[in-house]
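Look at the two complexes coming up: chain A is in both, with chain B in one and chain C in the other.
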Partner chain A sequence: MLRFLVARLISAIPVLVGVSIAVFLMIHLLPGDPATIMLQGAPASAQDIQNLRHQLGLDEPLYTQYFRWLDRVVHGDFGVSIHTRRPVLTEITTVFPSTLQLAMAAMVVALGMGITLGILAALHQNTWIDTLSMGIALFGVSMPDFWVGLLLILVFAVYFHWFPVAGIGGLNYLVLPAVALGANFSAITARLVRSNMLEVLRQEYVLTARAKGLTQWRVVVIHTLRNALIPVVTIVGLQFGNLLGGAVVIETVFARQGLGQLAVTAILGKDFPLIQGIVLVAAIVYVFVNIFVDLLYTLLDPRIRPESLA
Partner chain B sequence: MSDCDCGGGGGPARRELSRRSLLRGAAGLSIIGATSALLAACGGSSGGTATSSTSSGSSSGASTSQAGTSASPASGSSAQGAAKSGGTLTFGAWQDADTLDPHTTGLAATSRILIQIYDPLVWLNPKDSQYYPGLAQKWEVSSDGTQYTFHLRNDVKFHNGEAFSSASVKFSYDRIFDPATKSLALSLLGPYTRTDTPDPNTATVVFSQPYAPFLSYIGVILSMRPVSAKAYQDLGADVNVHPIGTGPFMYKEYVKADHFTMVRNPDYNWAPSFRAHKGQAYLDQVVWKIIPEPGTRVASLQSGQTNAIEVVPPQNVLQLQQQKDKYYIQNSETPGQPYMFLINTQKAPTDELAVRQACVMATDQDSIVKAVYQGVYKPSHNLMEPLTPCYAKDIEQYFQFDLKKAGQTLDSAGWTMGSDGIRTKNGQKLQIVNIVNTANDFNRISELMQATYKQIGIDMTIQNESQPSVFSTYNKGPQNFADFFFWDPSPDQLRATYGSENIATGFNWSHFNNPDFDKLVNQAATETDTTKACDLYHQAQVILGQQAAAIPIYEKDATIVVQNKIKDLAYDPNPYPYFFDTSISG
Partner chain C sequence: MITADETGRAATQTPLTGRAQRTWFQETLRRFARNRGAVVALVILVLIALALILARLLAPYSPINPDIANVAMAPSRAHLLGTDAIGRDILSRILYGGRLTVVVGLLAIAIAGGVGLPIGMIAGFYGGFTDRVISRLMDIMLAFPGILLALSVVAVLGSSVVNATIAVGISLIPGFVRLVRGSYLSTKENVYVDAARVIGVGDVRIMVKHILPNVLAPIMVLATVATGWAIIIGASLSFLGLGVQAPTPEWGTDLAQGRQWIETAWWMTTFPGLAILVVILALNLVGDGLRDALDPRLRNR
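Entry: the complex of A and B
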């Protein structure tokens, strides 16, 4: 098990290196000289630009620059935001917890709703329950998340006054945004759980369990659900990246500070150090989430553990 | 099984056992992890990093004084005696502050927050356009217009306890003047040289030439207000998130992109005489809640999470206007320049006067504004807004819609209509590039103009670019049309907008370079007689009109929608909302 973990971590390194190269090259691939881009049109003489180039190390060969940059990054120096002049890492770590909270809450909502709907649909296949559940799922995957967000605000915040409209704070600030963000993924999960459950329910060991006289609950939850969830675990990792991305829209609608809002501001303002920092952090988080999910996957399904292949 | 490193190293049964316990452990850990993360959200306090106030002395945190306690405002003003003291006002703002340092901020959004915290030397009362004593009890201007002497109050304290004196005035202006500060207010100081402090209650600001706009900038602009030298020493870089002033409200807490909280200053006793009451402010607390998305901001007012909101989309203004039992609308005109297009006078084909004139005449502001804003905003046919000093109504003659005359002007200039509906001259097509600043919502206006221009053979392409990079693009000048508006109480802003020294680095996005114009506005800046100054500015505007340097579209009003229970929301000359006299009733 430990060797598997180490192997996965080692295989993540080429991915991270690749990402770091792409992020580093970002500013060099843009038309124009990076120094001029950094200055953003502020008045500068040719000498000023020369000095800035030297300061940024732009007069050195590209691979030297890359290793210098990598060295700084590994030591936590992601540069300084052009507009706020604060360290990029500070900017990101200030807002990241809020986005992480939102993404996890949305995941909880999505999995909770999705798995429940999927089980119901599978157990009552081809009945009205099945049709209704899948109808809800279709709705959830078709509606744009900002529309869902605004609708939720209108109904539950403005009309019923059950939740606040905007901002960050306690749990009640998290409910509406989490539902809006999780709606899409819950639909996908529901369909996946349903089809997997249907497949697993047809297996012989389920028949055996029923023949043994086990209650419906034990049959469904203990014996079938765990196996049906294996593919769901896989897509949870992939979907986490989507949740981080979707947070951009939801954070704007609900006026929550977070990585999404920060990214939008950085991109619109062409704040390159900040953009690079955000992309790098997002990529690193995504890689590690997927490693974790891979591990979980092998834990859940003994058929795919490396020892069994030996 | 030597390469199995599961615990125990036994047979299959042992392995299954350890897998199960691993699973249980993993499940347990994830549940604990998720729960604790969500519980952290339950904490009630905000999730971001809050930089709380550590201000000395009085009640920064426990400001819940109710009417009737000893801390209530002085009973000097009988008319307001019935106004309730206390309560929190939550204001729904559309934009976050960039920095909380009044010398380096570039945003009106920041100014709106900080004017509650910093008092000026002299106040400009927007109701009668007169100057009133503030931190300075009286002041004189030397006969040659180069020296402004202020006689200061001796009972004023900053929020950190530092006494306000002439040293504070000197520190403030010297800091703006210092190139290391990179202050955006530097141009407002004009030909500043130094501030003399003969005694703690007298400060004389000295210029190298007469500088007429100075008093109006003092009365209106945030960055001209004195700051605490001690704060910059004590706080270092933190001063960018911890403002210390002499105003009726004090900084309490700022969570970036979420909210800014200020509390009443109990020591405040130097409000100007035109305010409705003396002593402290009524409100306990003002919370600036930052909600950039307009739909959400309106929803926050409707749900009661905010008591007043700004920058309301026209369709929501119309909708909220219907609910007179709940809200009232406050619309204020603002001095400055209206929302307009600046035409690039140095890029073909708009470098040709006939083309610019045709563009001006082909723009139907009235219909466009009616279509896009449904009557909530007023179309503008002038270079400045009516509240600006030296506004001249007759300049409107240069900015009138006349589609037929536009076509004729192009005909006479040799632009012939091509078979594709676009005019050409000497092989060049009449194509103009309109670079739209995404922050100003000019897309719909541009599209309507594009359609009308097509009728007379002008082909307009619309590109989008966002702030702040669009500003430097405009300076470089690849565009024919740049969109623009300006908040400024002084006609001197014409120099900032059209003066030739501001082409590469300032706001002169029409790249206007006219020596006669430059001479007029520079002379007007030194002219202390207002009538003579306005005459010079009038001549300058005539040149701009004849040269068709801009196309005005609509007047930018400040619209605020307020709950009925919020009383006496005042405005300063900008106009920004000012909460000193504001109270909550019922």
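Entry: the complex of A and C
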């Protein structure tokens, strides 16, 4: 297991290096000179610009700039935000917990709803329950998440007054955004669980369990579900990335402070050090979550030898 | 997976009943036509396309000109879907706005497919070092989670309709590359590829003329479903203010404007979103229908 972890970590290095190069190059791919962009149209003489270029190291070869930048980033120095003048890392760590909380809550909602719908559909294959569950799932994958959020606000906040319209606070404030963010993933989960369950239910050991006279509940929970859920684990890592990305839109819908809202503000304000920091942090988190999920996968399914994944 | 030539063979092997034998294409069409949901969805898509093309004729009002006398009116006979914050007819804005939303989606898919297809072909066909380099590059792109890849591209290019389209297209490239690569990797081992090579057919011709028709099915399904994703990502960018800019009508932009009035005017956020839902739902149903028709063994999966 340790060998697998090490191998998996090593395989992530080229990806992380690539991501860092891409993020570093962002500011150099922009039309125009990075120094001028940093000045954001503030009045500056040619000498000022020259000074800033020197200060930012822009007068040095690109690869020197990259290694300098990388050295700083590795030491936690992502530069300062152009607008707030606060360190980028501080800006990010201030809002990151709220985004993580949202993504986790959405994950719980998605898996809870998705697994329930999937089991119901599979156990009642070709009945109205199956049709209804899969109909809900079809709507789930077809609705843009920000519109789900808007509808939830309309129904549960504006009409019923059960939840606040927007903002951040206790659990009350988390429910609607989490459902909106998790809706899509829950639909995907429901479809996956249904097809896996149908497959597993056909296995001979399930027949044996039934023949022993076990209750439906025991057959489903003890004998079927565990194996039907293994493939779900594989998409959890991938979907976590979508949740992290989806938070960008959902946080805007619910006016929630978070990494996503920070990203949108940064892009609209052309705050490049901040954009670079957010993208880099999100990518790193995503890569490591996927390593963790792979690890979990090998623990759940002993048939998969860790070496084959690495 | 049943490849095109196998299904084709299966079709020709069906006993002759005096009727002309059906080609693979006719067989697929017949299977698709049997799927009622998919056919209805296809009809809906055609109708929507017509409505958007004929927006000038169908829209009862101007989508741009404000009408101060009719600000934020609930749906009524004069304004079937109500009016927005400055009195513009929402139905008219949806008809005109859909043009941009849909065109952005289609162009983005053209970019994603146009770039992803050849890259995936090359990676899968040649394998080895080329494949490793391409696959690593795709891994790097995929490390930007969800919409963040599109956001990063917009951050670099600046926010505009064209740039948002390019951003959406780029963000969908890895999906196409992976699918096409996988298909080519498994298909290139077929005997007919060796046969073509033996008689001196060039690589490009083998990739395009010999292999592509046999792996087209999953690519077409992906293109259909991914058009839906492209529309959603494009509308999301506009919703965030990073794509289409007001006052130009667009479903995402209109939803963002409606968001400000959500506590008083439900129709402003309901109808543009409903329009997106109908289009995506129809695309997904057509995609499911296509998948079942092209590859019957996958049915009910």
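Convention: the second predicted complex is superposed on the first by the 305 of 310 C-alpha atoms of A that agree within 3 Å, B and C clash if a C-alpha of one lies under 4 Å from a C-alpha of the other, contacts with A are read in each partner's own complex, and residues count from 1 in each chain.
We take it that a contact is a pair of C-beta atoms (placed from the backbone, for glycine too) under 8 Å apart; a residue touches a chain by one contact, two chains touch by 3 or more.
Values in this document were obtained by computation on a predicted structure and should not be read as measured data.
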*Should the pairing of chain B and chain C on chain A count as a clash or a fit in the superposition?*
clash
*asked:* Quick check on the superposed pair: does A:L150 touch chain B, chain C, both, or neither? Answer first, second, both or neither.
replied: both
*So, does A:L299 touch the first partner chain B, the second partner chain C, both, or neither?*
first
*Between chain B (first) and chain C (second), which, if any, makes contact with A:V165: first, second, both or neither?*
both
*Return first, second, both or neither, reflecting whether A:V253 touches chain B, chain C, both chains, or no partner chain.*
both
*State whether A:L268 touches chain B only (first), chain C only (second), both chains, or neither.*
both
*If you stack the two complexes on chain A, which partner ends up touching A:S98: first (chain B), second (chain C), both, or neither?*
first
_Which superposed partner A:L2 touches (first chain B, second chain C, both, neither)_ = first
_I'd like to know which partner A:L244 touches here: chain B for first, chain C for second, both or neither._
second
*Answer with first, second, both or neither: which of chain B and chain C does A:T84 touch in the superposed model?*
first
_Set of chain A residues, in rising order, touched by both chain B and chain C_ = 150, 153-154, 158, 165, 252-253, 268, 270
*Which positions of chain B touch chain A when the two form their complex?*
3-6, 19, 22-23, 26, 34, 37-38, 40-49, 98-99, 255-259, 289-293, 295-297, 299-300, 302-305, 438, 466-469, 471-473, 475-476, 504-505
*Write out the stretch or stretches of chain C touching chain A in their complex.*
136-137, 139-140, 143-148, 151-152, 154-156, 159, 228, 232, 235-236, 239-242, 255, 258-259, 262-263, 266, 269-270, 273, 276-277, 280-281, 284-285, 300-301
_Quick check: in the complex, which residue numbers of chain A touch chain B?_
1-3, 40-43, 83-84, 94-95, 97-98, 100-101, 104-105, 108, 150, 153-154, 157-158, 161, 164-171, 173-174, 252-257, 261, 268-270, 296, 299-300, 302, 307, 310
_Residues of chain A touching chain C in the complex_ = 14-16, 18-19, 22-23, 26, 29-30, 138-139, 141-147, 150-151, 153-154, 158, 165, 195, 198, 240-246, 248-249, 252-253, 263-264, 266-268, 270, 272, 275, 279, 282-283, 286-287
